[in-house]
Structures are given as C-alpha cells and as structure tokens.
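Shared between the two complexes below is chain A, which pairs with chain B and chain C, respectively.
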Partner chain A sequence: MNKKYFTGVFSDEDSLVAAFGKLKEKGLKPDEVYTPYPVHEILDGMGNKTRISHAAFFFGLFSTIGLIGFMYYVSVIDWPLHFGGKPFNAFPSFIVVNIVATILVITILTLFTFSVRAKIFPGKEPEIFHPQATDDKFVMLFSSEFSKEKEDMIVQIVKEHGAIEK
Partner chain B sequence: MIYKTEIRGPLINGDKSLAQISRDIIAPIDAKTPVWWFAAMAVSLGMLGFGLYCIYLTLAYGIGGWGLNNTIGWGWAIVNFVWWIGIGHAGTAFSIFLLILRQQWRTAINRAAEAMTVVAVMCAGLFPLLHMGRPWLFFYIFPYPNTRGPLWVNFNSPLFWDFVAITAYILISASFWYFGMVPDFATIRDTAKSKIKKAIYGFFAFGWTGSSKEWLRYEGLSFVLGGIAAVLVVSVHSIVSTDFAVSVIPGWHTTIFPPYFVIGAIFSGFAMVLTLVTVMRGLYRMHDYVTDSHIDAVCRVLIFISLIMGTAYMTEIFMAWYSGSIYEFSIIFNSRMFGDFAFQFWAMFIANAVVPQLFWFKAVRKRIWIVFIISIIINIGMWFERFNIVITSLSRDYLPANWADYSPSWIEVGIFIGTLGLFISGVLLFFRFIPMIAISEVKSVAKFNKPRVSASNSSHHE
Partner chain C sequence: MEDRFTIPQKFRLAAYLLIGIGVVSFTLGFFIDSQRTWANFLLNNYYFVSLAIGAAFFIAIQYVAQAGWSAAFKRVPEAMTAYLPVGGVLFLLMYFGMHSLYHWTHEEAVQTDRLLQHKSPYLNETFFFIRMILFFGAWIILTSVMRKISVKEDIEGGTRYFYKSEMYSRILIFVVALTFSLFAVDALMSLEPHWFSTLFAGRSFMAAVLHASTIIAFIVFMLHRMGHFKMLNHSHLHDFTRYIFMASIVWGYFNFAEFMLIWYANIPEETAFFAHRWDGVWQVLFYANIVINWGIPFIVLMPRKTSRSKPVLIPVIILLMIGQYTELYYIIWPATVHKASFGLLEIGCFLGFTGLFSLVTATALTKASLVPKNHPYLEESVAHHF
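Up next is the complex of A and B:
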C-alpha cells in the first residue's frame, strides 16, 4: 500500500474500546482495526455486516432440493429397483442421506464464500500494517485523507489510551 | 456471560500478558525436538509399519486371512471402526456443544480435541474400506452415472448412509479444525524469526491479518459451521448405530441404539480427550492453560455421561426381559451377562458405568495420574462395549445350528495396532508442528477474572 497512513496502537482491549468509543462520539472512525482476537464492540462499531449465515441458508435450501430430486430421479425414474418391498420413492430413507449431504454441501460452499468474501486463501500475501497485530497489539489504521483538524483530534484521542505510529 | 467470570474463576493461571500467551503456546514449535518425541515417533511408526504390512496381506490374500466365518461376518474390523469413530466424535462434540453452551473453558482444549478427531476418523475410515474385500472397487459406492447399468447405490442401505456420514464428517471436522488454526498460523508467521518458518506458516495462514472485516466473517463462519456441525455430530453416530439397529439381529434391533451410540461416542471421546490433554499438559508443561479446573470440568462431564451409559445398559437388560422376546432375552442374559461373553460384558459395565463414578471424589479428580488411568480404563471399556455389540449378537442368533465362535487372527490385531500407531504418530506431529492450544481463543478469555487496570470500565464483553 503506497498511500500515506498512520496507526493507533493499543496494548489492551479496554483501551482500544475506550478510544474507539470516543472517536465514534466525535463522528470519526478508523479505516480498519486489527486485533489478535475478535472484539465485539469493534465488530459492531465498524458498521460492517456479514450475510454469511443467509448465504448458508440458501446453500442448504438448494442442496436439499437438489439432493432429494437426485435421489428421486435415481430411484424412481432412471433405474427403479425393488429393495425389500419398499416403494421406489423410499422418502424416509432419503432423509438420512439428505441431512448429512446437505450439511456437507453447506460447509463446503460456506467455506468457499468465506474465502472469497474475506479474501482469505492459500498463499495470499498479507497486508501487514503492524507486525504485532496478530500477537499482542490492537491496531487502528487511518489511511483516509483527514483534514488537519480531524487528524489532530484523532491523534489526541488515541494518545490518551495508546500510541501513534506513523 | 454469567458462568465464565463469577463462578469458574480465572481460565488461565499466572496473570499472563497476551504476548506471553503466544510465546508459551508457540514454544514447542520453536524449541528443539525433544528426544522422547523421536522415541515415541519411532515406536508409533513401527506400529504403523506393522499395520501396513497386515493391510498388505489383507489386500493380497483377501479377508480370508481374518478370523471371520459365515456366522460372524463382522469381527474386530467393525469393532475398531465403531470405537475409532466414537473417539472421533469428541473433538467436534467438545468444541460445538461447549461453544453452544458458552463454556469458555473449552478454548484451552478444543484444538487438541479437534486434532484427535481428524486422526481418529482417518483410522476409523480404514476399516470399512478394508472390509469391502475388494477395496480397489470402493468407488462403486459413489452414486455417479456409470457403465454398470447404470447401477446406482441403494439409498435405503445404512451402509451407504454410513459412507456419506463418514465422508461428510471427516471433511467437515478437518475444515472446522483448519479454519480455527488460520489466525494462529498468522501469529506464528508474524512472530517467527526464521524465514523458512515465516514462509511455510505464512502460506497456511491464508493471508490472515486480524482485520475487523476478517473477524466479522470468521465469526459468521464459526456460527454457521458450529450450528450445522452440532447436527452432524448427532446424526453421524446415529447413522453408525443404524448399521446395527436396522437389522433384525437380537441385541441390535432396538430403538435405544441411536442415542445410546451418540452418548457412547461422546463418552469415549471425552475420555480420549482427557488422556490426550493430561499427556500434553505433562509433556509440554501447559499447566497454566490446561489448568486443574479444566481437568476437573472434564471429569465432572464424564460422571454425568457415565450415568447415562449405566442407564442405557440397564435399559437394554430391562427391555430384554420386559419385551418377552426369547431371542433378546437369550442374547442379553445367556450370552452377554452370564454366558460365554460374560467377561467382556462385565468389563464393559464396570469400566464405563462404575469406575468413572470415582470422579465424584475430589481427591480422585485432582490426582492427575489417577485421572489418566481412569481415562484409559474408559477407553478400554468402550472398546469392550463395541465388542459386545458386534460379536455377541452375531455369534448367537436365531438358529443354534449357526452358532459360532470368533477370535481375531493376528492380521486383524495387526491392523488395529497399525491404527493405534497412525493415531499416535498423528498426535505427535500435531504436538510438534501445530499450536496445540487455540492461541487467539485463549487470548480472548485471558482477561476474565484478572484485576483490571481500569477499574472504572466495568462493561462485560462477550
């Protein structure tokens, strides 16, 4: 990233959350926050939403319909065979396969969706703004253009709880 | 939540900083490989090698080399299959159910439990494959358009359900485990000094940086996978039980089987988790993370599950009498309880329903070596349970003319030893190369019950 940026670095969750709250009060927001573990105040406060569970629901819906359809096609239309006097469309038996196979499909597709949306994939080069953000530092990234006045305000708030690194 | 702070006390001992948590858990990966590790690896690879030789014999000469006969068509292979898959259930059950119940103490143990799951399911999957007799034709079980008719699979068959269930289970538990490790691999990447280590763990870290966007979706993913894997855990072992319960063999054809199997699986898995974490804690001095109170909690869970196991055994005995079916009665009373298989039955009963009751005593729970021994006893007891189910019912069915006895050939024993070797070597590799405790999850609970720097900030975080 060749843009000019600066970071606010905090050494514990409480200071990060406190500074984040004060920034929000002033109508300011960091462009991104890097934390060693998920901090719910930040996840909520950053205003992003994830629809991954909605996606998973639809994956499940379509795979259920698809699987039931497939088993019906195989057992009734394509090559009907009698198994122990059961009807060709032995629906209760299909449920068992359907549940487990649906779960498998949901998992694979949701993982794929996660990988695409969060841009997490094998061999990706990480954009690291602070090398300790995955270890013990909580890092706010400011990379947008701020007016001088706003930038001073950010620096002041961050310095109350942590440190500024440019 | 209420439980995590006020009642349980600190989840990590020693008032550790976040950086120290990373260092402590990564330490075994950076350290020189200890001598005992090589010794244990050599032994387990030897066991695995012997197992591979027995598998070679099975492939070359067929399952005629096993001790099976016309009456007893399922021998040690299926006993071991059910045993391993049961152990394999704990990892996911552990993570998922404790996640749903918001038990924060799971964080120190879930990684090891999930690792155990993946290896155990690999061991389990081997047995049905070999039992096919012609394993090179295993792909016949995939329902795909083929040139054999097209001859599709039988969707009514529990054996097909089993195939789907195990395939799904291994893929899902492995991906659940792996995605849990991604943030920790990033931590290793960012803290490692060696370039090679940085590159290797960096590759597996998938470019993770810990940004809020990543965490948000990551939490969404855990929520989805956790929710559906809970269903999976219950359904997979229910399906394994239908391999038996859908038949008409006395002692198998009972409605209690699905819950009985699921509980049994979680029981044996928790016992194996206990075996594993006591070993891990001792060898790698993880006492601050896997604290006495963690061990204590698992022991308490085991008391409860053991009571359910005892109830299930008593229910089987009661129903054998109460149903009025002479075949059921004969299997349970004349074969299992007071017959040729009495040793296996009572070994099962005592090891699973009686011995774990010792965990009621605090004196037992706090002596780790006793806990370790009891966990091994439960593992053996659960093996006997599967032996009872598989062998007894087959050996004494409706026609006395068909009755037969069974003892395993050395090839069957060898394959079992081979899977034990596979399991141990897999676990050793896990200890050596993967952070054995979920670093990011432990960090998220590290702050509980610690004297806070800013006492004014009293807000509780999820």
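Up next is the complex of A and C:
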C-alpha cells in the first residue's frame, strides 16, 4: 500500500473500453481494473485466465479417489461388518456419500485456494485504491514503476476518456 | 428472415428407401419370428415417440423459462412433434401384437396369478388402448395448438402469441409429466408386470429429454450444413451442449438412484428385474448404458472447448442415438424375446422407422419458415453470444 500508484477513473463502460484499447495498442496495461460488473473486453484484454476450475477438477478427482479408498479401508479392511447380506465392499451405496462429500471438499479447498492466491484472509486491511471503486465507477489501477515517458502517455490517454487521480 | 426449407430430392429418395427397407424387414419378420418383430416394433416406435415428446417438452421449457437463445431454432422441435400422430397410429397397430409382448394380456396367465388379477382393473387391453388414445390425443392436441400459435405469430406478430404459447407450455409440461410417466409404465414397465419401480417413469422421461435434445441439435447441424441457420455460432453450440450435458447427468442420476435403491433394499419383487439381467450380454448392456448415456458425454462435454466444437459434438450425438437404443433393448428384449438377438431384422426395422421419422419431420419443416419471423426473442437468439 505504500507503493506509489495512480488511478484512472471512468464513469461509463464505453470510455473505459476505449481507453483500454488505446493503452493496449501502445503496449501498456493497467495492473488492475475494477468494474461494477464483468466487462468482456477487459476480461479478455487483461489476459489473466482463471485456472481455478482446473484446480477444482483435480480436487474433485483426488477427493473421489481418496473417499472411496477411505470407505473401502473402513468397511472391508479395518472393520468389516455384515449388513443384510451385502458384500463388505457395498460400492453402490458409497457413491451417494461420495458425491456429497466430494462437493464439500471441492468447495472448501477451492475457497482456500482462491484466498491464498488472492491473498485474502480474515482481518486483512482492505486495499481500496479509489473510494468509488466499489461503487458505480470504473477504475484502472497503475501501480507498477513506469518510466516518465510512459507515464505521460498513460495520463494523456486516460484523460481523453476519464479522469486521472494521483 | 425468410428461410424456407425444401426437401432435397436425394433426401426424399433415401427416406423412401429406408421406409421400404423397414416395410420389407417387418413383413419378413412377421413370417419368420413374429414375437421378435413385435418387440422391434415396440422399441422403435417408443424410441421415436419419446423423441417427439422430448422435443415438445424442450419447446415448453424454452417458453416457460423465456429463453432467448433458442428462439431461432424452435421450428426444429416443433417439426419433431409432427411424428406424434404417426406414432399414435402405429401404437394402436400394436393391438395385433399385444399377446406377443405383454404377459398380462393372456387370460390363462391372469387366472393363475394373484398379482395380475389384482392389477387387472388397470392392466387390461381395453383400458390400455383407451389410455393410449387419451395420451396421444392430449399430446397431439397440445402440440398442434402450439404449432398453430407459432405459425400465426409469423403472420401477425406481437407479443400476444408469445404469452399464449407460454400459457400452453405450462399446461403441456403438466400434462406430459403425468401422461408420459403413465405411458412409459404402460408401454415398457408392464412388459414385466410383476416388477415395481417408482423411478422408472422419471428415468424414461429423462431419457426422452436427453435423446430429444441430442436429435434437435443434430437436425440443426444438418440444416446448417445444407446452408440454413446461417447465424449458428459457438454460443448456440454451447447451449445445445448444456442441454445434452444436463439431461445426461439427470438421466445418470435417475438410473443410478433406481438401481441403488433396489440393490440396497433387496426386496425380491424389485430385484427380479435386475437379477434377470445380471449375466451375459445383459450385464454388459447394463454397464454399457451407463457409459454411453452418462459416462462419455459427461467427461467429453465438460470442458468449454469441446462443448463448443462440432467435430466433438457430432460423435457424442451419434453415440447417444445408440445409447437410447441400447437402453430400450436392455428393457424390452429380456422381457419379450428372452435372448439377445441382434441381426438384420433389428437394423432393418430401425432404419425403416428412422426413414419414417425423418420424412415426417422434414415435411413438417417445409410447411413454415425455418426461422420464426416475429418471435419476440428472435433478435436475441440471432445475436446470441457469451
């Protein structure tokens, strides 16, 4: 938070997208864009494809294998019990438990993965770069070190469509 | 957007040829092995009637949910429902084959069987056909009314017809949920009159929805190849896939729930169905059904990339067409033919019905503009993108 940063503030989607396009043409990119709702051009343009669905898939895969293994261990190896003449490995009846438990595991692990990657934890100081970023304004954040020349260019482009706040 | 479909001469010839093959197979079949032929007749007719019902349900869902993306394609499921009158007549023809298929139609079997006597007020031939007439009557009336409204909308425009269709869609969903469940019980479950399963109707209904949505997508792709539906894009593909994917999961869920509960409770009346099918070819078919109708579509259609690509979708659609056949085969054959016989007769009969269904659907498609002209969601559907 101590780092030097400046923001570009826009009041509507069109001017944001226009400024974003011009910045991209010059090979410049904001470090983060805050919008009240998802904007396709920004999502594509920022180029940060989420990999969380892949993570979720593998959590699901491993939890399915792990849970079935656990139930097999409990009911066949460790403590075999007869239930109404069923085999110890009563596979069809494991599936229901397995589906529900897999959903639980995926939800919790994905939540933790997201929190770790986004560096969010309880009691964290909120990082609000612009007071209206959580409101109806579209905010671009520039926090990396830019050369003087590049910074001027950014300021010029942003000012065409919105306002600069340092 | 005027987009008229005319049946290509080749297609018409091919359809007539297939119908010819079907007629020849059935005639020869009745001389050689009439029971097996009637089983074929039931299977194929049920197959295509369930597609028509699934298509009717598909339109109704789109209206009730006020879905925008599908507005441009709704003439395809509408055309598929045109098979219902044909299917109804063919079902009534089963009057001549009842004794070959349904055990409960035999007087002497009922006399020595307490359970069949108990069920006879419901399961008797007269009431069976009264029900068939009622079911098909209700379906034909509802679908043709919706079709009429839809064609009228083309001429007059306005949102009035949309709301009217929505109203009829609600009625149709309610009626189909009730009648198709009873229809599945009558046509398939009563093949084994001693067997009880409450989930059977639900599973049959989901199978109908699953396979109807694959066929709708398939017909749309074929028409696209012929140069119609120029606006078909990857987002539309993704939405078709979603229907197939969703219905496949729900079908898998029903199928598993039915089996698991019966397996777990282990009551002889219920397990008889599966115990009877637990060896040889039937067991292979049991697993094959799950893999074909749920396993492969579930894994293949999960990623975003594959669910938007036609080269992936078309093999899955063809696989699911086979899946509906194997599922019905698994239900019908052990109860009627008692041995796994698959040969030229089965292929010929299936081809015949395919030709008939294609011809009826294609003829219905020519009768109105392929893209509805004044549907309120048409523009949204054409520009669909996500």
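Quick note on the criterion: the second predicted complex is superposed on the first by the 166 of 166 C-alpha atoms of A that agree within 3 Å, B and C clash if a C-alpha of one lies under 4 Å from a C-alpha of the other, contacts with A are read in each partner's own complex, and residues count from 1 in each chain.
The rule is simple: a residue touches a chain if its C-beta (ideal position, glycine included) is under 8 Å from a C-beta of that chain, and two chains touch if they have at least 3 such contacts.
Because the structure is a prediction, the values reported are computed rather than measured.
Asks: Would you sort A:G85 into first (chain B), second (chain C), both or neither based on which partner it touches?
Replies: A:G85 contacts chain C only, not chain B.
Asks: Applying the document's definition of touching, compare chain B and chain C: which contacts more of chain A?
Replies: Of chain B and chain C, the partner in contact with more residues of chain A is B.
Asks: With both complexes overlaid on chain A, does A:S93 touch chain B (first), chain C (second), both or neither?
Replies: Both partners, chain B and chain C.
Asks: Which holds for A:K26: it touches chain B only (first), chain C only (second), both, or neither?
Replies: neither
Asks: Between chain B and chain C, whom does A:K159 touch in the aligned arrangement: first, second, both, or neither?
Replies: neither
Asks: Using the superposition described at the top, list the residues of chain A that contact chain B and also contact chain C.
Replies: 84, 86, 93, 96
Asks: So in the complex, the part of chain A that touches chain C is made up of which residues?
Replies: Listed in rising order, the residues of chain A that touch chain C are 84-86, 92-93, 95-96.
Asks: Using the touch definition up top, name the residues of chain C that touch chain A in the complex.
Replies: By the definition above, chain C touches chain A via 256, 259-260, 263-264, 266.
Asks: Enumerate the contact residues on chain A facing chain B in the complex.
Replies: Counting only chain A, the residues touching chain B are 12-15, 17-18, 32-43, 46, 48-50, 52-53, 56, 60, 70-71, 74-75, 78-79, 81, 83-84, 86, 90, 93-94, 96-97, 99-101, 103-104, 106-108, 110-111, 114-115, 117-129, 131-136.
Asks: Per the contact definition, I'd like the list of chain B residues that touch chain A in the complex.
Replies: For chain B paired with chain A, touching residues are 17-19, 22, 143, 149-152, 154-157, 160-161, 164-165, 167-168, 171-172, 175, 179, 182-183, 186-187, 189-191, 202-221, 223-225, 228-229, 231-232, 235-236, 239, 242, 440-441, 443-444, 447, 452-454, 457, 459, 461-462.
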